[in-house]
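To start, the structure itself, in structure tokens.
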Amino acid sequence: SGQQSEPKGDQPLKIVLLVKSLGNGFFEAVADGGKEAAAELGNVESIYQGPSTATAEGQIDIIESLIAQKVDGIAISANDRDALIPVTKKAMAAGIKVISFDSGIAPAGRIVDLIPSDAELIGRQQVQLIAELTGYKGQIGILSATSQATNQNLWIEWMFEEIKDPKYKDMEIVEVVYGDDAADKSYREAVGLMQKYPGLAGIISPTTVGVLAASKAIEDEGMKGKVQITGLGLPSEMQHYVENGTCGQMALWNPVDLGYTSTMILEALITGKVDGNVGDKISVGRMGTVTVGKDGVSIMGTPFVFNKDNIATYAAMF
Amino acid sequence: MEIDKTLASSDRLVDENKRLISKIGSLLARWEGILVLIIIGMVIVFSNITPYFLDYFNLMNATFTFMEKAVLALPIIFIILSGDIDISGAAIIALSSFSMGFASSHGAGTAQVVITGLAVGALAGAFNAVFIINFGIPAIAVTLATQSFFRGISQAILEDQAYTHYPESFSYFGQGYIPGTIIPFELIFFLVLAGIFAYVLHFTSYGRKLYAIGNSATAARFSGVPVNRIRFTNFVLHGLFAGIVAVLLTSRIGSTRPNIANGWELEAITLVVLGGVSITGGKGSIVGVILSIFLIGYLKFGMGLINLSAKVMIITTGFLLITAVLIPVIIDAVGRRNKLKMQRRRG
Amino acid sequence: MNALKEMLKKREATLILLIVVLAVAVSTRAPGFLKGDNISRIVNDTSILIMVGIGQFFVILTGGIDLSVGSVIAFSGMAAAMMNQSSPGTPVILILLAGMAIGLLLGLFNGVIVAYGKVPPIIATLGTMSIFRGFTFVLSKGQWVTAHEMSESYMSIPHGHFLGLSNLIWSAVLVSVLLFFFSRYTRSGREIYAIGGNKTAAKFVGVSEKKVNLIIFSMSGLLSGLAGVMWTARYAAAVNETATGFELMTVAACVLGGVNIAGGAGAVPGVILGALFLGIINNALPVVNFSPFYQMFIQGFIVLAAMFINTIMDKRSEKKMLKRRA
Amino acid sequence: MSENILELRGITKYFPGIKALDGIDLNIREGEVHALIGENGAGKSTLVKILTGVYTPTAGKLIYDGQDVSFRNALEAQEMGITAIHQEASMFPELSVAENIFMGHHIKEKGALNWKAMRHQTLELMKKMEIDINPDTPVKSLGVAQRHMVEIAKALSIDAKVVIMDEPTSALTLREVEELYTIVRQLKKENKAIIFISHKFEEIQEICDSFTVLRDGKYIGEGKVADTSIDEIVTMMVGRSLDQMFPKKEAHIGETVLKVDNLTRYGSFRDISFELKKGEILGFFGLVGAGRTEVMRTIFGIDKKDEGTVLLKGKELKIHSPAQAMRKGLAYVPEDRQTQGVILEQSLTRNITLPIIDKISKLGKVSRKKEKQATGTYGRMMEIKAAGWHVNADTLSGGNQQKVVLAKWLATEPEILILDEPTKGIDVATKAAVHEFVSEMAGKGLAVIMVSSELPEILGMSDRIIIMHEGEKTGELSRAEATSDKVIKAATGHREEVRS
């Protein structure tokens, strides 16, 4: 099945942003970034796609139809780093450029993996953020997304690494729980953490659903000020809790930039400006350049920290 | 006299027309007729919108996206036809895929891996059957619980890890093509299975017994039909087929995680009821289900081709499900009324 | 003597016993689980399940099923939250009523399809489950409504207290009492039992199946609408995935509560107990020291075991009844 | 002569493909019991359903109390004062007796249902009918006869002017039948109009004043019961006269094929012993609830026995399912045709061939030819009245459904045939045909057990009679010794007066 994409004259390049699932503010913002890049590039049609529930199988089905309609490039935030490999390989064999972003695919299944930030940077930063909030002491719980979420799991590993540093000697991570990215379960798990560890000082929730639900749980349980919360959250969703002090600070990279950069990288790959080999420097518009590192991993930057002072500005954007 | 004759003949003409209409009507009133019509409509629409739809390669390749659900639908036909239900299919797939990954990571070859998957699937089906038939707990209740139970086992052991190493040749089942063609193995495999199911259901005594049980389990039992044995067999068959699906799916995606095939049980059940199998048992045909499988499969594929959002897709399938049931009801009602009218006129 | 009452008592007694055993077992691993404030927290958390579960109960009583409740919750919750967002000044009671009205309409839609279209409930609601969920996406344009976009008064709908209990608990109590009364002391309530017990016989005494179907689905929709508003206000977030899979929870609550899945038998108190049983599991799993990876397995296991025990006890009491008669 | 309370003029009812009623006229007077007579499928039950608003007529007029009326549903008919005991079981098994009686017309007080009042009234009704049932008992735990009494109570709980009874006695014991007669006479005294449907002429002669005969959905004629002989009525019904009701052939009784020793099932029956010989018709008599059905179910492998043995041709019969019983040459025609006998939603062909489906299959594949053959042979033997072999059983009248059940069991070509109330609800002509047929089969060496609650049938057909009372065998009589007195005595528990 060696289908090659024929040159298409002045047809716009079809570049797809395939996200974990629809109906999530983070990815809607990613889509905006894609559109921005497309407008800037001119010859690109940006397509936003995702299954209605976050499953690898749903993404695979969509990729099959993308292969059939001979799109030019796909950027994927993967629900499963392994399960997508056979189909993305098939896509690449059909001449489609495939990269992953946000939540990666294992190296065999894509050319470049654009990670918003280094897993190490994210993990370490989360611990620093909570330490600043709790005054470098106390028990910390982690509320993650699903137990299968690879990016979260990687970050959490780094959190455990970071906390070994002597400056955190009065802190310990007591437990990792999973809210499955569902509001009610995340809420319940957050309450559970507070019940189980009456002396709990803080919660890290490196997922937008989780940090939101945990903030609400802290507020409802009357633990505002006693239990700190940080994590990765969307400013527009977290504005309330950041402004009222429940969540002192939290971080996130800019999803608009993520969509923008992914689209830029794909355009460069499709038009043959670069091949995506290790060491390649790809110029990505207003974001400057991205360097392809080991295993095709490219890093966008350090997560941005939001607090009371700056959140309103960003809430208007994403 | 003359006038009378013409009247009579025109009357006959009207009758002929009516008969033709009622013939079309009765074809439409048959579920399969409706499905065929919808499929034709779908093909016309899609082939006008996008050049990629009526493309032999694409049509073949698209089947990868729905053949596994189609295979899972086959035993569900038997289960629903005999008045039962099973919503643990996807969970059995997870458990069975997990056990295959386990076997493979302990050095099993392709044959052993496959046998492991099928055996675990069949065992899980038997587990359901024991609770449903031997202990008499309603099927929906049992499979609701085992849905968490089966998937829970694989999650408890596998945690956040995945099995990603399978023997080289294992990938053929879910990714391979019939040698020398671009026809996916999965497609042919499904068609063969569907043929066997159709034969069993419509031509054998086993099929007769299934219908009898679905219509009246008591009367069937009094007539010497081994009701419980057949129901038991159905659940084991369902487990076994979930195991087969696990083989195909695991092979296609080359890895196993506990959340594999999430939500597939409802999709497979949807295919079966859309295919005209009465949810209360005793009514339905394989042909209808095969049509609904290809209808839903290609509909989703076609909507994907024109990049319709997933939200439009779920709304469309929802409406399709309801209208497909509504149309025959309406036609039937109209048909009945006409028939009665004609009867009354004839006296 | 009073065989039915005796049996009911038995079934509910079994369930109460199971609940006690479960709660005690949990509290050995998580001290403080049985403390007053935690119990009220569990009840609070289970209130939504109780309300929607009772709606589901009436549908199951006729031999049907409503798979669309989760989607109705999502849609009406989203609609209510967006109303609050666009005009924060609107009195929340109006929004609450609007949410319920939306739920009612969606439920009525189900009811019409079932009653007039003669579509089996499982198919009709399997269809609308997708449709309503899809419309939620369309309505929200994929965005969420979160805390800062909600007014304080909106978020306090479930939290406000009265006589020491939250509004959420009060609404569950109110719904339970009203619908218990409805099921027991109104003609329509009994007609629902009649349809589930024997459709032909119901027809012979003039019970309209159409009317009953319209009532039960509207009611289920109304309760889901109420639950939707409560849900989004409680978690201060209206998202598109709200209550995904919740329909199966409500069915499980009914089945555990001794409701005959084929229709005709069951009672409101059983459903409440069934919901509480599930609520305890949901609240216990995060606080007992099991690996989170075991949660799903344990949940499945406990529910299976409870159903098993329930069935065995039922069979035994039935056998006794037969023996006594002989 | 009293007024016509209810008149039908030209009532016609179509079902798709069938004209069930064709211009029926009917005159029902107050204070009179009017019998509706006709063969199976004549249209009696359909007429009842029209009168009670369950069906709407295709054409024709209903005149009630001098006024034209039409009912849109059962409630409207009820409110006008028409109530019925339907032929089909119409109970809510999970609900209490009181509720079953008041469903559709619950007693209300201040907007809420008044359970106390309903319970109270139920007790009153029960007292009036001289039966002892607790109003709170769920109906599912009642016996068949008791259920039937509840159905009757339900009809009486409505203060109706017209009471319709569609085969009300088919599941009642002698005592309860007497009770019913008393009730009917009482109703008559209260100047109510009663429509009474039955296939038993003794009953009609006992209780009815006038009658109307239907045949094939058409009105044939009416008259006074006192002025008309049974033969005349039968001739109106069937269009010819019948020679003999119980055409018993000379029996050639052979060796013992079935020997039952001390068979016991706790809670159902105790220590039942008997022998069945080749060519013999062994009658089982008892009042409804005597436990005969349960003995048969146990022998046929539907229920488990607790003690005792069953020997088939000298070898112990160990079976756990009907399938095994069939393989050993047994056949059982169950008493409840609606749920146990026919599959209502399947064609006659499929119904008749279900027990022999494996026999007419080769390597699992059903032979269409053999299927047709079997259906044709046995279906025709029973003279089933239907639009074709392909129609579903639910379009047949009750009696014709019973014939389908008989046909399907004959198709198994058994050595031992157990018939449980084989002619329940069957009209005279068919009954005679069934009797003739059974007796002929016995003549060819078939061993037959016939459970029946109809004394004439038992006396007329049996070579030997076993009588049961409350789960015990209370008598065994040969054809020669059996008299109705002796049999009834044993059936009511007077064991000592019968030597066994």
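Should a chain be cited, it is by its letter among A, B, C and D, assigned in written order, with residues numbered from 1 in that chain.
The definition used in the following text is that a residue touches a chain if its C-beta (ideal position, glycine included) is under 8 Å from a C-beta of that chain, and two chains touch if they have at least 3 such contacts.
Quantities reported herein were computed from a predicted structural model and do not represent experimental measurements.
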B-C or B-D - the one linked by more C-beta pairs in contact: B-C
Per Cα centroids, the chain farthest from subunit C: D
Subunit B-subunit D separation of Cα centroids, rounded to whole Å: 42
Between subunit C and subunit B, distance of the C-alpha-averaged centres to the nearest whole Å: 30
Mean-CA-position distance for subunit D and subunit A (Å): 73
Between subunit A and subunit B, centroid-to-centroid distance (C-alpha), Å: 37
Junction residues of subunit B, two or more chains touched: 155, 159-160, 309, 311, 313-314
Of all residues in subunit C, the ones touching two or more other chains: 133-134, 137, 293
All pairs of touching chains, each written as two labels joined by a dash: A-B, A-C, B-C, B-D, C-D
Subunit D-touching residues of subunit C, taken from the complex the two chains share: 1-5, 181, 184-187, 190-191, 193-194, 197-198, 200-208, 260, 264-265, 321-323, 325-326
For the subunit A and subunit C complex, residues of the former touching the latter: 21-25, 27-28, 52-53, 147, 176-178, 181-184, 187-189, 191-193, 195-196, 209, 212-213, 215-216, 220, 236-241, 243, 315
Interfacial residue positions of subunit B with respect to subunit A in the complex: 50, 52, 55, 57-58, 61-62, 64-65, 155, 159-160, 162, 164, 171, 174-175, 177, 182, 249, 252-255, 257-264, 300-301, 304-305, 307, 309-311, 313-314
Complex contact set, residues of subunit D against subunit C: 52-54, 73-78, 84, 86, 88-96, 99, 103-106, 108, 111-113, 115, 134, 136-138, 141, 266-268, 471
Of all residues in subunit B, those that touch subunit C in their complex: 87, 131, 135-138, 140-142, 144-153, 155-156, 158-160, 266, 269-270, 273, 278-280, 309, 311-315, 317-322, 325-326, 329-330
